[in-house]
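Can you keep this structure in mind? I'll have questions shortly.
Think of it as A, B, C and D in the order they're written, each chain with its own count starting at 1.
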Amino acid sequence: MINKIVQTMAETMSGIKDDSVVLLGGFGAVGQPNALIEGLIEQGAKDLTVAANNAGVGHVGLARLMELGRVRKIICSFPRSSDPVVFETLYRAGKIELEIVPQGTLAERMRAAGAGVPAFFTATGVGTKMALGKEHRDIGGRTYILEHALKGDVGLVEAWEADRWGNLTFKQAGRNFNPVVAMASDLTLVQAQHIRALGEIDPDHIVTPGIFVNRVLHVPYGDPAGF
Amino acid sequence: MINKIVQTMAETMSGIKDDSVVLLGGFGAVGQPNALIEGLIEQGAKDLTVAANNAGVGHVGLARLMELGRVRKIICSFPRSSDPVVFETLYRAGKIELEIVPQGTLAERMRAAGAGVPAFFTATGVGTKMALGKEHRDIGGRTYILEHALKGDVGLVEAWEADRWGNLTFKQAGRNFNPVVAMASDLTLVQAQHIRALGEIDPDHIVTPGIFVNRVLHVPYGDPAGF
Amino acid sequence: MSATTAAFKPFTRQQMAQRAAADIPEGWYVNLGIGIPTLVADYVPMDREVIFHSENGVLGMGPAPEKDKIEPWLINAGKQYVTLRTGGSYCHHADSFAMIRGGHLDLCVLGAFQVADNGDIANWATSDNDSAPAVGGAMDLATGARRLWVLMEHTAKDGTPKLVTRCTYPLTAPGAVKRIYTNLATIDVTERGFVVLDIAPGLSLADLQARTEAKLHLPG
Amino acid sequence: MSATTAAFKPFTRQQMAQRAAADIPEGWYVNLGIGIPTLVADYVPMDREVIFHSENGVLGMGPAPEKDKIEPWLINAGKQYVTLRTGGSYCHHADSFAMIRGGHLDLCVLGAFQVADNGDIANWATSDNDSAPAVGGAMDLATGARRLWVLMEHTAKDGTPKLVTRCTYPLTAPGAVKRIYTNLATIDVTERGFVVLDIAPGLSLADLQARTEAKLHLPG
């Protein structure tokens, strides 16, 4: 019997190596896999490259991971937040590398990794400093730049429902980056608010099928709070 | 009040021009927009380029459109069928152009058109005659070829449910090419089995949002039959 | 500035938003950027159906909820609580940006630091040495939407013109802006450059030009 | 052929399918090509959960329905009626092929016209002048799945070897095949070339070699 549901955080996090590329779901506090990020802090992997929309708030979660010196590079679209002190301190001190990526390019690069597309052309960023050093090409009378897939060694995902095959649903705007992180990552780890019996989620309503999921941990934390 | 639901086939088909690229949803008989294809036959546009998974069966639908000499070119993955006589006769007589595309490349080219990606690299077809004349590139130690977006001037889609904003759901394997055809086409026309009141479809369960849909015609034809 | 400007009455932010809202027809799919552009939604009456999109996978966004009706899982790209209109839907980030980048939005309204009379927009970083530049979805929106309108103050706080001949701040997108709503005027960006559609009451064209780096034209 | 071959008993299609099915562990995501490969599913017991994928957006495909329980909207890529297992799901074509092309399938099993000992497979057209070649999803599957196995007759009907040193038919994918199940043997495709894992009862290696164009090796 396939059972992707694991019982402990240690089991969820097992096998994450130093130097991994870690993709994070979530947008603001909504759909953010906070428990898994705490688990990663506990687990100990270092020299990580972390891709997420933001670069952490306050001194918890991703900010804490950075503060502990475990993140070598951040790939994100928006490093500002209500309290970006950890990131900004490290960045000004030259202790963390930053790759700024337009939000849509970030999402599309992850989706590309999941779909077997190693590189694609896009108009976003043409004529701006995002295009510096990138291949340009005119196609059908418009100029585009080439962007590359962003594959995760590990993906951390927050879901609303999950079953033992790893099928997932998301709640409202909690969907955001989570499905693309799941498909882009070699090892996709999920924290789910609700565990459902197999078949309980309607086959037409499954958003991320289990083929993109490796392990599921039940984390019924309730509602997101604070950004 | 937005109302994408139209009452007649003539209204649904209005404005389709000669020389259009027409994308068809459907796989086999399932999810195939048969009524709209009949409507297109009636409407009269010619010199069409039609992209679909197959190239027609018997003497109805797409096969009939070809038989009437209205299709200049077929873009498909699988021109064979249980009764491909029309296509094969035209093809052998040199009266129709054929572009064979691997099925996944066909779907991805449509999705790319919908997502603003004019071209992308893929491994599918490398080392085969599909790669002839195409740009090759080594990325991360593997060889890929460049494929281009396939945009529709018109997309014909079959849906299970639709509302007046054009939000759609699909039934089981009836989903297939329909959502990518919808997003890839400038003018997306939908035949829907069921018209729902706005809000009746759960916002988490809408598969194709109305932003990808222009007109909806109520065609409650029942179950697909015959391939 | 000349004495004639003493009596003029700049448009308020609400008036700017109202002015832009009046130009949005029913049925358009619209993304409103963070900040002043968000106000535009307040001036589109609910019975004129305009479908608002938010980058984080919300299509058909409605107004802010009453305090006791907040849905903690329903935020917009500015991370404010919002509502979903009847007919709205959710999608993931790649699908949401496919709507933007695939040219499916009729309109995007953004704030800006500078707009040049060739349509260039700079709205994400004020210098090339910004300590941690944050672009978010601005480049995708500016490049991908069918039309880009800008809602901003006509000049910076120190009086420096924001409507320029060439952006000095890092670009968000070249040649993208179609129309600008400021506290002093509404201006189209055309082949000829900036064309003034209307001016704040009491302000002369000469006075508007004095606050604008690039040449202003009249319609026709 | 030599006299020693008179007594041998080729594997039936069912035995070939059974042999392949025995090699599929629980938890694998598997796409079975049209034709003989489809039979493989019949020999995976329901309590060994293997998740079958069909190109047309069906994940978790179950066996053919009883006649009176056909779901007219539920077909596989071969356009046969199928069922959906508990836990299965539907998706659209681009998502379905993302599973294939993104390397998410553990295994694909295809039929073939020819397989070369470098792993090349030809299974979609028998000549470069095929009147209307039909590739379907074969190239995506052969290229995208983590492993490609082939299930086919060992020789063509006229006795021509199908396990060759170089495919003469148009390729589906280069260097893709990892294992071949034929009516005469099971063969791995390795760095050394073809390695024979087992042979049909009564058939000698020499006789198998006589029916195979490329050199056969023994394991180790």
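Here, a residue touches a chain if its C-beta (ideal position, glycine included) is under 8 Å from a C-beta of that chain, and two chains touch if they have at least 3 such contacts.
All values derive from a computational prediction rather than experimental measurement.
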**Study point:** Contacts common to subunit A and subunit C (chain labels)
**Key:** B
Exercise for review: Kindly point out which of B-C, B-D or A-D repeats the A-C interface, defined as over half of the contact pairs being the same residue numbers.
Suggested key: B-D
Study note, to complete from the structure: Looking at Cα centroids only, farthest away from subunit B lies chain C
**Study point:** Rounded Å distance between subunit A and subunit B, as computed from the means of their C-alpha atoms
**Key:** 33
Revision key, fill the gap. dist(centroid_CA(subunit B), centroid_CA(subunit C)) in Å evaluates to 36
Check your understanding: Taking each chain's centre as the mean of its CA atoms, how far is subunit C from subunit D in angstrom?
Key -> 56
Review point. Residues of subunit A touching 2+ other chains?
Key: 108, 111, 115-117, 122-124, 170-172, 203-204
**Study point:** subunit C residues counted as touching two or more neighbouring chains
**Key:** 84, 90-91, 94, 97-98, 100-101, 144
Practice item. Provide the full list of chain pairs in touch. Key: A-B, A-C, A-D, B-C, B-D
Practice item. Using the touch definition up top, name the residues of subunit D that touch subunit B in the complex. Key: 54-58, 71-75, 77, 79, 84, 90-94, 96-98, 100-101, 120, 128, 131-140, 143-144, 170-175
Review point. In the complex formed with subunit D, which residues of subunit B make contact?
Key: 27-31, 55, 77-80, 84, 87-88, 91-92, 98, 100-105, 107-108, 110-111, 122-130, 170-180, 207, 223-225, 227
Exercise for review: Using the touch definition up top, name the residues of subunit D that touch subunit A in the complex.
Suggested key: 26-27, 29, 47, 49, 51, 53, 59-60, 84, 86-91, 94, 97-105, 144
Check your understanding: Tell me, which parts of subunit B touch subunit C in their complex?
Key -> 1-2, 111, 113-117, 163-165, 167, 183, 198-199, 203-204, 206, 209-212
Review point. In the complex of these two chains, what residues of subunit B are touching subunit A?
Key: 108, 112, 115-124, 137, 139-140, 142, 144, 148, 169-172, 203-205
